[in-house]
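Common to both upcoming complexes is chain A, partnered first by chain B, then by chain C.
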Partner chain A sequence: MATNKRGVAGWLDPLHLNIERWAYVFQRVTGLAVLAYVLGHIGDTSFFVGGPFGEGPSPSSWSSDLSVTENAFGHVVLVMVVLVVVYHGINGIRLILSEYGMIFAKPSRPDYPYKAKSLRTVQKHLIWVAIIAAILAALYTGGTLFG
Partner chain B sequence: MQLQYGTAILAIGLVTVHLLMQGVLVPYGEAVSFQRVLSVYRDAVDGALLEVLLVVVLAHGFNGLRIILLEWRQSARWTRGVNWAVLLVTLVAISYGTRTVILAATGQVS
Partner chain C sequence: MADELALRIQRFDPSMEERPHLERYAIPLKDGMTVLDALIYAKDTLDHGIAMRFSCRMASCGSCGMKINGRPRLACETQLKDLRSSTVTVQPMDNFPIVRDLVVDLESFFSKHRSVSPHLVRKGDEKEQESPTGEYLMTPQELDSLVQFTYCIKCGLCSSSCPTGSTDSLFPGPQALAQEFRYLQDPRDEAREERLDLVDTEHGVWRCHFAGTCSAVCPKGVDPALGIQLLKRHVMAARSPFRRRRERKGAKVFPNPNEDLLRKD
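Presenting the complex of A and B:
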């Protein structure tokens, strides 16, 4: 890992002038959000077996758990989870491919307008693929839960 | 970072299957019904998939948190402390989720 002298504070740099920097910040924020959801989800699904002190599958415990999660607020949370999970997954594929240099062009001499040619490849499009796929998946989820 | 990339690729496959099972291939209302959830936990393949999903996603999520914390501050003492704390919390979370899987698969239905 490269040295990062500013640590997490570097995320808030107002000079995030390129989309890759923003994709990086979103990757981390969505990652933390998904981790928080996963921990909540492990706690919530444990009520299928009666919660922390349960001893086996319990229909009454499960139905009282569903009465907490199955409402408009809970469904909005699920739609947002799908949104950030799909973004995080597709952008993550882009990051792994780029780590191994698979989706960059060869570096070349800088010419006018001096934009890095090595970055102007499918790697840039993949950010938009991640954003659009996330929105479509969230719309589908919303349609399923609210439709 | 190899751990992060390896778990990422596994998680993409497992989470895709999980989301498809919870609302695309199986309608959402049915997917969360008691009988359906019970049959998923009691199916050897589906139950095992949930357990693998649990371990892979928690390993990926907490390792990601560890990477962020190590970027936040840099010292040998901080690194050691974060490594142990994250490992401990990850194991606790995996244990709690695994208990749910085991009880759901083998426990007496009340």
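Presenting the complex of A and C:
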């Protein structure tokens, strides 16, 4: 028999599904993006500024390192970093609260037409809070960098 | 609404073919027609070879679960007009092995259901467990807190929609975990610690990341995502160092509020 498991593609396909599933996909993607940024940042600051492959720690080496982001592409990258970090952080708090069962009503008898209680509580509002906060933070960052 | 529907059915015989393909059938539309009606028309009049599973035709048996236009649904309760499309694509449920066409093998699904001991466990007296000599009561409020989970018809839609299930074969899935919560919540059950140990594992309850799809697709109003999150809460409360300290002092941390109602020998 064919296994019919979609693998990682099964994680990343939220089409026709609920907003929590979209939030799940974004959480995974932004998590990887934040991880890539953090690794790059640590590598950048340790290896190139003061590490074994750099010229050693000094104000000039730090300034030259910072200059890498002092262009339009670098600014766009920084705006994207702010976007994904803010979304990932706020949505992560929502997930922590969910796992503690703190933002759900008690289970009750379902009434037709069925709408799952867990998908109607404050957790749904928190998804929108994460999205709006991330956009506002990115706009502010973009305004600061490009303004 | 158009007079004719283009029904695209995924066809696949794993013993003969390497990969699935879609076949298109023209179905004359009638008022009130469901996806199952369209499939039955196609099977009866256009292609007897279509393999599909159905029985009650009224969302009670859970046999006709399939992916309809990308979303897991019961074919018998999905009205064609609600899909608002002149083309409808039906595919077998994800996460289960395909036997043929729209038929999937649910053996692993049922074995996971059985693995959580989906029945009341009374300790100490095997005879009483098998042949109870009286009623074990609960209050209406307690019944309300778990009754939705007893409405599960085991159609498999929740487990087929679960993203964790697409990569982790050992994950019990939303159906089994929701049933675990149902019995954990039951004041008449005495296997609390065993149930918590069963789900507090590497492939257990922590593999759920609250995508909520299981609850969104359930046709019977069960909310597995809620049950699983509350199950996590039970596990964390049971593993809390504060709880262990209170236990050492002799306090009953999870007293049964209805002990007086429970039948005693």
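The criterion applied here is as follows: the second predicted complex is superposed on the first by the 124 of 147 C-alpha atoms of A that agree within 3 Å, B and C clash if a C-alpha of one lies under 4 Å from a C-alpha of the other, contacts with A are read in each partner's own complex, and residues count from 1 in each chain.
Assume contacts are C-beta pairs under 8 Å (C-beta built on N, C-alpha and C of every residue); 3 or more make two chains touch, one makes a residue touch a chain.
Given the structure is predicted, the values throughout are model-derived calculations rather than measurements.
When both complexes are overlaid on chain A, the residue A:E99 reaches chain B and chain C alike.
Judged by the touch definition given at the top, the superposed model places A:P59 against chain B, while chain C stays out of reach. In the superposition on chain A, A:G7 makes contact with both chain B and chain C. Using the contact criterion defined above for the overlaid structures, shared-chain residue A:L17 touches chain C, although it does not reach chain B. Within the superposed three-chain model, A:P110 lies in touch with chain C and out of touch with chain B [touch as defined at top].
Touching of chain A by both chain B and chain C, each in its own complex, is seen for residues 1, 4, 7-8, 99.
Only residues 1, 5, 8-9, 11-12, 15-16, 19, 23, 27-28, 32, 34, 37-38, 41, 54, 57-58, 61-62, 64-65, 67-68, 71-74, 93, 96-97, 99-100, 103-104, 107-110 of chain B touch chain A when the two sit together in their complex. Only residues 12, 14, 20, 69-71, 92-99, 104-105, 144-149, 151, 161, 163, 165-167, 169, 185, 209-213, 215-223, 225-227, 229-230, 232-233, 236 of chain C touch chain A when the two sit together in their complex. Within the complex formed with chain B, the residues of chain A that make contact are 1, 4, 7-8, 28, 31-32, 34-35, 38-39, 42-43, 45-46, 48-50, 52, 54-60, 62-63, 66, 70, 82, 85, 89, 92-93, 96, 99, 141, 144-145. The residues of chain A lying in touch with chain C in their complex are 1-11, 15-18, 20-21, 23-24, 27, 95, 98-101, 104, 106-112, 114, 116-119.
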